[in-house]
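Both of the next two complexes hold chain A, though its partner changes from chain B to chain C.
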Partner chain A sequence: MKTIKKFFIDNEHVLGWAMSGPALIAILAIVLVPMIQSIGQSFQNLDLARPALNAFIGLENYANLLKDSRYTSSLVSTFRFSVISVIFELILGVSIAVVLNKKFVGRGFVRGLMILPWAMPSIVNAAMWKWIYNANFGALNALLSQLGIIEQYQIWLSDPFWATVLVILANVWKETPFTVLMVLSALQTIPEEVKEAARVDGSSAWNTFIKITIPLIAPTLMIVSILQFLWGFQTFELITVVTGGGPFSTTELVAIRIYQNTFRSLRFGYGSAMAYLTALILVIPLVIYARSTYKRMVNY
Partner chain B sequence: MKKKKIILRILLYFVVILIVVWTITPYLWLIISSISYKIDLTTVPLKWIPRRLTLENYQGLFFHRGESSFSADVFVDSLKNSAIVSISTMLLSMPVGVLAAYASTRLKFKGNSVVMITSLVAQLIPPIILVIPLFVILRQFNLIDKTIGLILVHISIALPLIIWLMRGYFATIPYDLEDAARIDGCSRLGALVRIILPLTGPGLVSVMIFAFIASWNEYLYAYVLTRSEARTVPVIIGEFSTKLGLDYLQIAAAGVLASLPPVILALIFQKFIIKGLTGGAVK
Partner chain C sequence: MKTKKLLWIISIIIIASFILAACAPAAEEPAAEEPAAEEPAEGETITVLFPKHEADFKNAFDARIREFEAETGITVNLIQGDWESVANRVIPELATGGSAFDVVEFDNGWVAEWCGAGWATSLNDYMEPGYTDDMIPGLVDLFTCPDGEVYGLVWNNDTRFFYYNADYLAEAGFDAPPATWDELIEQSLAAKEQGVVEYGHAPYWIQEWALANELHFYTYVFGGSLVDDQGCITMNTDPKTLAAVEFMIETLESGAYDPAGLTYNQVDAQDVFLKGSTLFNPQGIAGLLTYTEDPTISNVVGQVEIGLVPTTASGSSAALTLPEAYAIPVNSQHKEAAWKFIEYMTSKETNIKLAKEIGILPIWVDLFSEPELVSLYPFWADFQAQLPTARGLSVITWYNDFVDITNAELHKALSGRQTAQEALDNAAAQLSNFNCVP
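And then the complex of A and B:
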């Protein structure tokens, strides 16, 4: 009995595997096994509506994807959406973080507020902006017309350009606080003496910011940009609710396309292939992020 | 010189006010809409501050009332489902995740990096890819539109989150404390339960809240993997707001209710949440 106890409780290998086993099994079963299974599906004609036609077709799905102009144009839209979002999130996020790093009355409160858009369910964010953009009773039209910027209420979401701008705005509002909080915590690690020394040497505030602050927070900026890009690329509910992909598919992002093909047209093989091809595009930013996170955590 | 300083101060406060307005106005407008009469919000020009308030949009979500009766049962059921799914996800994944995080930070065993890599990969796989095979598998096991199916899937989101965040907290506790306890005759597990976990108390609570919020807010899996019985609040809000003719103010009320649990929890525990967010770089 004692040896059994010794074996289980005092052997770090056994104890380690026993303690991490349940988590590993759960993750393997719910994430990794399905992922491998769906690689197989992507090489099949797997049509839930017509199971009689199911067959292994090799790379045909992938070949068809390259010819699928609706898919390729959704990729372009997604890139545009994510990159523009990231740019604005960075500019706004860094600016807000710099202000919130200064001393002022109520600073703790304002920093706390940053958590509000982050904590909100993204589907509520989508419904909220849809209501604001409403053509007849929306706050956007009311505001712009009361400010005298527009004479008549506009149907913003039926215009391809404005629809794109407005879904990006909704995304930027929700995601910027994450950038703010990350940059703020990076700013707080910069010792006051460093900036003081620059000031004594006669460097202007702007110069200090560009030459000293930005390089010091550059690693954080990179991680945040990659994460925001990855999240932007997966945007789904915002589009589903606000524009439904329209007008004329201009805001149809790739996640919508994958969903439509798989769960509306029930072409599971084709949908899987689309999902994998899209993931392949994300591999480079994913690997950069994973490596840096892994390195940081290993140091513990 | 002094004058310049005063101007800079005023400018700073002006910018701070702008930041506050930008951050809260959209949400504030959602709240105002949810407690307004329809007739007051559909007049042009729009009045921003309502003269009279009402709870009728909220009542419509809970009680049968003429034409809007469609939404009453549906919304209450979805609230129940959301509560069941997110609380079960949190309670089931916490012990499992905490044990794995402990093992992979404190024990010298070969599975160390396996735990880290597995959870990192799991966290990075885009849900839109994973949802396809998950749907196929859950269908085989007859788990589509079942809360238990959604809970299983949500556990896969929560576990990597918990493991990464808890690793950070465990790392802050000195080894000496644990060694001292073990010299006094504590086993590994005893030391974990009696010494380490109480020390990570606030961390433990914030990780629980992270897991809860992640599950409560989740949309894509819930949308694809449920049909009618197991729909959660986000799914219902998505349905309400894509259906034409559904009352906007009622959607606003549903949105406010759906956002209250995560927003209130996040505001109460903001210090820990911000620490977790910036330390682990997770969503």
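And then the complex of A and C:
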């Protein structure tokens, strides 16, 4: 026993490997292996419902994807959904976080309340919004009608524009608390002296916020916006429950197309290609964005 | 140095063995033993996955399952959810050769695909000869694959019927339900004009799975077809199918049907009917009558009756039957116990209990004339009259693709963004890869 202990003390790098080994194995087994396997699948016609047709087809799946109008339009819809969601989540998230960073009675309670939408299971959130938007009995129609904004109940989800706006609204409602939490923690790391110095120098509150607070929380904002953008591409339950992808596929997001092709139509090859092409399309702008933001932060 | 090498070798062996274990396809797991050699053991646990029945407010299925456990000593790990969530778990599990479930939902829309792929266990290996002789033949045939073997026994005889609110209809000045679809529009508009209801019907035409059911229903009503027996696409060349889709569009344009139906699923549409906002529910589930009599969810207690599905001008009519069965996945490790479960849950005794408690339709022919049930459900006579016109969904291995593509095009047409012919042509063009694939 003592010998083993001595061996590990003398060979720290072995100890390091031994301790991180189980985690490495888990990562290899459940992340890396399936990833590599699905890259291979994306070059095959892997159709579980018609196994006789399975064959290696090279880049054919990728070529077909570029001609698949349902896929390309879902990609555009998802991009629009994610970008608009991120913009609103950042604006609202920063605003709310700034307020919650101030001292006031019941701040702890309000902070706890804030997190509720984010903590709520996605499916529950989706079901709730579905009822809010219901054309005949929904709260949205009742509210707008009582405020005198609409004369008669509207079928919001049958109009492509409003359906898109409303699913974004539901998404923003659910995801904003995450931005609030992250920004709030970033705000708390800003030393009070820095703001105090600005105040002494005659900087207005707005100026201090723009010139000092925002640059100091920029790394957090970058991480949050990247995460929220990526999560937008993973949105599934909300659309499935609220609109089903309709009206006529205008709110159909790419996750639904991938799911439909892979797990309903059982074309695992095509579905894998769809997932990888989407990931590739996402990675390029994200890397450019992250690098440029990082460069600006370093320069600052 | 030697120790270092040894450690590396051991580490590599461990990692490789984990990876190999993770990569091993589930389909290669040992096949189930021969039925004769297998006996369900006391204390054996089976995992069962099927949707919660729409009419099962009283947890009647759960109660029967607990009875089964008490009687056999087999424990049932029951997983239930709505149909979509169950479908999302069953298909990938079977397609990847999984053995997580012992009894699963087997929907009528999946029969062709499952028969071709060999995902289910033949129940003939477990049934006594002649076991299904007294069942409704159509239900047995539907889950019989081309090899002549039965792969599913029906737990939900989901045949759709024409429900109408007799009180509202009388209030609008009509003493009988519509005999034709033209009359249905006429009565809807008249009742709407008199302020009796908001619309004749709220359809469930959100862009999801059930919209394809509706396309089948109206196509059958108008005597049309979507695919032929060889799986060749006929929907864009059959004038009767075109008439059916044009009629669906007309119901919305005329104001007879609620346009909010474009955002409704089956539950939403049913809810509107139960709240008393509509006159008709042309494709209601058999359990709907149970709902109508429950004052906690229904404003129309005692007002709803059942009639025959209206006919078209040419005199054709139809009903849609969407039965759901229990099946045993081919890689189940507890097949004998799974069969015991299916046998118990589809038995005459259980059928009678479920019919009494929640009004589900039996699968055994003689139960439709069972005195106690007939006195409890006198309207079953109307069901009987409708049954000869009942038809199932298209039997094609590419049904999921059919639903995916056709629904998108149909929804666009129903939303007034393209004509019925354009919708059918576009759907047929996108499905052309599957044309004449059974």
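Details
Just so it is clear, the second predicted complex is superposed on the first by the 264 of 300 C-alpha atoms of A that agree within 3 Å, B and C clash if a C-alpha of one lies under 4 Å from a C-alpha of the other, contacts with A are read in each partner's own complex, and residues count from 1 in each chain.
Methods note: a residue touches a chain if its C-beta (ideal position, glycine included) is under 8 Å from a C-beta of that chain, and two chains touch if they have at least 3 such contacts.
Because the structure is predicted, anything quoted here is derived from the model rather than measured.
When both complexes are superposed on chain A, chain B and chain C clash.
Contact with chain B, but none with chain C, is seen for A:Gln146 once the two complexes are overlaid on the shared chain. By the touch criterion defined above, A:Phe263 lies against chain B and chain C together after alignment on the C-alpha atoms of chain A.
In the superposed model, A:Gln234 lies in contact with chain B only, and not with chain C. In the superposed pair of complexes, A:Ala290 makes contact with chain B only, with no contact to chain C. Once the two complexes are laid over each other on the shared chain, residue contacts for A:Ile30 go to chain B and to chain C alike. In the superposition on chain A, A:Ser249 makes contact with chain C only, while chain B stays out of contact range. Look at A:Ala135: by the touch rule set out above, it reaches chain C but stays clear of chain B. Once chain A of one complex is fitted onto chain A of the other, the partner contacts of A:Pro191 are absent, as it touches neither chain B nor chain C.
Put simply, more of the residues of chain A are touched by B, taking chain B and chain C as the two choices.
After overlaying the two complexes on the shared chain, residue contacts for A:Arg50 are found with chain C alone; chain B is out of touch.
Once both structures are laid onto chain A, the chain B stretch out of 81-89, 225-233 or 261-269 that overlaps chain C is 225-233.
In the superposition on chain A, the residues of chain A touched by chain B in one structure and by chain C in the other are 17, 24, 28, 30, 37, 134, 136-137, 240, 244, 263.
Contacts from chain C toward chain A in the complex involve residues 3-4, 7, 11, 14-15, 18-19, 21-23, 84, 87-88, 91-92, 95-96, 113, 116-117, 198, 202, 206-208, 258-260, 262-263, 265, 268, 271-272, 275, 277, 397-398, 400-401, 404, 408-409, 411-412, 415, 417.
Residues 7, 11, 14, 17, 21, 24-25, 28-30, 33, 37, 48-51, 70, 133-137, 155-158, 240, 243-249, 260, 263-266 of chain A are the ones touching chain C in the complex. Against chain A, in their complex, chain B makes its touches with residues 12-13, 15-16, 19-20, 22-24, 26-27, 29-30, 33, 41-42, 44-46, 93, 96-97, 99-100, 102-105, 107-122, 124-130, 132-137, 152-153, 155-156, 159-160, 163-164, 167-168, 170-171, 187-189, 213, 216-217, 219-220, 223-224, 233-234, 237-238, 240-242, 248, 251-252, 255, 258-259, 262-263, 265-267, 270, 273-274, 277-278, 281, 283. Interface residues of chain A facing chain B in the complex, by the touch rule stated above, are 9-10, 12-13, 15-17, 19-20, 22-24, 26-28, 30-32, 34-35, 37-38, 41, 96, 99-100, 102, 104, 106, 110-124, 126-132, 134, 136-137, 139, 142, 145-146, 153, 173, 177-178, 181-182, 184-185, 223, 227, 230-231, 233-234, 236-237, 240-241, 244, 255, 258-259, 262-263, 268, 271-272, 275-276, 278-279, 282, 286, 289-290, 293-294, 297-298, 300.
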